[in-house]
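Below, subunit A partners subunit B and then partners subunit C, in two separate complexes.
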Partner chain A sequence: MRSGIFAGLLLATVSAAAAFAQGGPIKLANVAELSGGGATVGTNWKNGIDLAIEEINAKGGVLGRKLEVTHADSQSNPGVARAQVQKALDNEPYVLLGPGYSGSVKVTSPLAAEAGIAQIMGGEAAELTQGGNKFLFRTSFGQQSSMPKVAKYINDELKAKSVAIVWVNNDFGKGGRDVITKEFAKYNIKVAADISTEAGQADFAADVSKIKAAAPDAVFVYVNEEESARMLKELKRQAITVPLMGETTLVGQKVVELAGDAANGARGHVGLTTDAPVDLVKAFREKFLKKYNYVPDHNGLKGYLAIYMIKATTEKMGKVDAKAFADTLHGLTIKAASEPGILMDVTFDEKGDIDRQGFLVEIVDGKQVVKQVLPKLN
Partner chain B sequence: MSNLLDLLVAGLATGAIYALVAVGFTLLWQTSQTINFAQGEFVMLPAFLMLAVMHVGAPFWLAILIGILLSLLLLGLGFKLLLVDPMLRHGVLPLAIATMALAIGMKEAVKQFFSAEASPFPSIVPAGDVSILGRVVSLQSLGVLALAIAVVIGLTMLLNRTSIGHQMQATAQNPTVARIIGVPVERMILMTFLINAFLVALASLLITPIYLAKFSSGEVLGQAAFIAAIVGGFNQVRGAIAGGLLIGVVDNLAAAYVSTQYRAAVPLILLIVIILFRPQGLLGRPEERTV
Partner chain C sequence: MTATGKYLRIGLGVAVIAALIIVPMNFNRYGLYILSQWAVMTIAAMGLNLTLGYAGQVSLAQGAFVGIGAYAAAIMTTQGGMPLIAALGVAIVLCFAIGWILGYPALRVQHHYLAFVTLAFSTLAFLVFRNEDWLTKGIYGISNIPRPNVMGFATNRPLPFYYFCLGSLGIVSLAMWWLIRSPWGRAFVALRENPVRALSLGIDTRRYTLMAFAIGSALGGVAGTLYAPLTQYIDPVPFNLSLSLDLLMMVIVGGSGFFFGPFLGAMIAVLLPEWLRFTQGYYLMLYAVAVMLLLIYSPTGILGILDRYLTERRTKAASALRAVAKSRLETAP
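After this line comes the complex of A and B, so read on.
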């Protein structure tokens, strides 16, 4: 009799533990630039993640299970990012989120791949998805997708024959500089000045003097957000009046806030913007503004979308399976009609790159104004 | 040639701000043997104090006023009474290490209370350009340069032409003799801490619109000013001024004509050369100490 009770209790305990394991929270790990030079990137990314998780959990979670995320600070340092990712992977998360800096993604992606954990990140360097890593996924366009559009715009719309390139000397900047230089060559656009700057650089007076001396028809600026703001201020200080062209990092919300009037007239290609003429994006903007009291840049959108990528993929699988996650996401198209949180229809290819509509914007009176909508390719 | 002129103007504008901060280094060293490794963070903090005052709705001019007053209180009086006085009796080295700890504490506190992100900061100099020798030069560069030079001239006049200045110099040269002839040494030392607090607040006001308000913005500035003070002469105010201007110009010329990657190394190379061939600095005077 006693042994029967004991066996019954044991069975009940094991069943309860199994049920808890099945129905407990889905654990996610985020490693992002919460301090250091990339604090704008990481903070927006984190806030987007938290907003999406709050929404999903309020509606019952994913397959009936709540999402739970831990945030770790990479301090915008690839070495710290690697240590934080290793620590995060030791806790066996369902999916790894971040980092946002390409250099940090580069050193952490082998760890996630080795662990067989999908990594949804914010890096944009072209090379990140070219190495055959089957577990790495973008939340925005890679440089190989965006730079051809930028070069075409500079040639067709700005009619520039010579361009000064200002880039940041890290994986993100070097990748962008290499791709845009090749694209300029296709249009016979001369590189009037090739100016490398440092991450975290505070003083751009000498760099702008070099641009002034080169007298280009346009300037292409490809540095991180805070440096973009300082660069724009210095360009204005030294009265550079030629068109300023860039990518998302030149015309983001935070850059506009930091650079003030100096940002007016800057143009860029953005994969994601809260000023997009898309109802779901506008609704996201309002929700974010209400929760955090500021308008996010594209990194806020990236973090938000990363969570809805997880939701849509998991629901497609019908189970929470970390090992099968990456296989399912490859080749998957998520439609905003069926999953509004994804905001715009998106397709992931076999490399983890994305296909989605993009935008060409200009800063007018301190606001991003969408000048062209570039449709999704497939 | 025209490019060189642009670089010189920009370098002098930045160098003038380095000079303000470097002067603070030399003043504290001369009167109280304090090497303040938190000097860069001292420049970072006033901008955040002003932003905090503006955040509660005060106009910019009032924020400047309150920010300067708070700087005098915290970075002048508070620094001296709470950190320098208790630590100095244990020697120069423990005090220097304590200021390093203070620097870390200030950075982390600002990160905690404000944000790790950069914030915009308004400029006291209006936007716009003027033409000089056929070159377009921004009013901001000229304004920064003019204001910094005016303060440096004012400070030099205070030290050389007023009774208080003479008493401060006497305190710096020999506090024991100064005390014997009736100089209120303690008050003079406090005065130098207050002057340093005023200078860093002013530097903060001038540099933050360009560098943006960020918890880590003092790192570069503190290092540049420290190098400037040594290059110019750690024991001479005029040396710190010359060193600041020189480092500002050298830094800009290095970025333009050497490379951006090596720009930070050039002032350090200059520092090594000065230490090897003129240890007292360009305008400093040799000091002999007995052990």
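After this line comes the complex of A and C, so read on.
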């Protein structure tokens, strides 16, 4: 009898708590590289998230509920990332955000999948979405979709037969280098020189000498922004005049600012850039600059988009349902016309990979000029 | 030492062990993960404490040995499908041998020169982990590292795995306790305090220096074989120089040369940043400041404070006794 009363009380408490949760804020958890080697990545990502949440909450939230996020620092270390994701998941967030480093994504994604919570992350390594994880979503092109476009351009437009590859030896650089090497093989393009560099490397004189000795038809540069700028300067100093091709990190605004004249002529495929010729992206850039006093890199955009992905998916479901979230986002197309925060139309496939338009740009007189718009596939 | 003091210490020890077993039972997965991490790091720090605290050899390579152990475990259990115990054996032998070889420079150079030699080794190990793709899968790392079955019990769940780590820590602690009380342990201390005198007393300083390095390194390997199944994914980044520096800090903050130093040091290094996380962006700064203040207040670490307190009490008691005796002498007719 007494246990019956107790059970009744317990039930009442639980249902009261559930009712309270219905009206309370929607809890999100972010685990990112806020210190250590990936601090730039994680801080941009975090700021993008905070900006989007501030905007959404100012307009009344999602389905009338405010968004609330907790930020945890992974110290750019997969072991710490695992601990922090575990902590975040123990608090049962609606969606998990981050991390940005592919290694940290690899160690944490099985945990989120086990908990049945969707994870929206910043990693770009090709293999992340190929393990059949039903809860993992990208915010940008994986290397398996960006590199083929770069290789095609090098083959069709530059008509290069031999290419020197310069890459940064971390999971980002190595991943890109491995995918593009395979793509080059398909076109019978020879890799004239395969040069690995360090993150934070200051002097590229020796590397550029090697490129010079190999005399390739084009150079593919896949290192981070600061290193890209130093590389470009050194290439100019040693008078290498063959076309320079890269990705987002070679042709960003920051590279142009740092490298000055040396950046002219650099070309690249860009998935997400604050320099995109899209009005909504330009507006985002202004808002970000106003709030944080600096121009974000693509990681800032990714964090911002992650929040609007959550908003669009939740509004599509019409309810806040963590279990149904991943299913709803698979196959979902979000149009910028109806959800301006998403900036560009985007579709998510069954693996959590994205389909969005991309750009081929060239630096001309210190300005990014879009040479070609690569349309969305579907 | 008095009998009550002895019972008090035994009682305290039993209480701490019981707490370590019982309290985590209703911890969430995060809490268990952090505690397991503490146990693993304590083992690595104990190894360094032997090399640095007892034998007096500065080493900045302990993180590299944790890495060697972790890679041995990851490669053997994922690619070879071998049990973790086999990996443990390989890691111990490998780290012991490499530690022995790394000990040779210690016969010629001391202190910060030795630190530089071990630092170079640390960098070398990192480069091998990263660049030898065929073996270590390079920067991509090794994922899906299985957790072991111990005597028929699966340790996939966080709680059994924590007990596995705690049990390993217990075994290592007992072995260490025995070691530092053996003639070897005394030889290590002699080596630290006065190598010339140790030599004149017939201690083979050459052999014991190498031995201190080898055993300390082997314990790093043991910690590594536990680290790999704990995170279930490893890449080269966690085993760079900063882990070696972290371990060095654990030993110094806890109290270098004290048996329980590494336990406290690892607790500070693993748990304190977690407790300070509520301060958001400031937690690493506060953590750094706390460590600096501690070392300014007590350069010999936390146990140094305790040691100082106990010594003072003993001195006071002794001088009180002396004063009494003196006054008796003076008042004697």
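Criterion: the second predicted complex is superposed on the first by the 306 of 378 C-alpha atoms of A that agree within 3 Å, B and C clash if a C-alpha of one lies under 4 Å from a C-alpha of the other, contacts with A are read in each partner's own complex, and residues count from 1 in each chain.
To be clear about the criterion, a contact is a pair of C-beta atoms (placed from the backbone, for glycine too) under 8 Å apart; a residue touches a chain by one contact, two chains touch by 3 or more.
As the structure is a computational prediction, the values presented were derived from the model and not from experiment.
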Chain touching more of subunit A, residue-wise (subunit B, subunit C): B
Partner chain(s) touched by A:R82 [first = subunit B, second = subunit C, both, neither]: second
Touched partner set for A:K106, first subunit B, second subunit C, both or neither: second
Subunit B versus subunit C as contact partner of A:A239, first or second or both or neither: first
Partner chain in contact with A:L34 - subunit B first, subunit C second, else both or neither: both
Which of subunit B and subunit C A:H71 touches, first, second, both or neither: second
Which superposed partner A:A229 touches (first subunit B, second subunit C, both, neither): first
First (subunit B), second (subunit C), both or neither touched by A:A205: first
Contacts of A:L289 with subunit B and subunit C, given as first, second, both or neither: neither
Touched partner set for A:I195, first subunit B, second subunit C, both or neither: first
Touching both subunit B and subunit C, residues of subunit A: 34-35, 169
List of subunit A residues in touch with subunit B within their complex: 34-36, 39-40, 43, 169, 195-198, 200-203, 205-207, 209-210, 212-213, 226, 229-230, 233-234, 236-239, 254, 257-261
Complex interface listing, subunit C residues touching subunit A: 28-30, 33-34, 37, 130-131, 138-141, 143, 227, 230-235, 237-238, 274, 277, 280-281, 283-284
Parts of subunit A lying in touch with subunit C, wherever the complex brings them together: 34-35, 37, 71-73, 75-79, 82-83, 86-87, 89-90, 103, 106-107, 110, 125, 127, 169-171, 174-175
Subunit B to subunit A touching residues, read off their complex: 2-3, 6-7, 10-11, 13-14, 111, 115-120, 127, 129, 136, 138, 140-141, 209-212, 214, 216-217, 220, 251-256, 259-261, 263
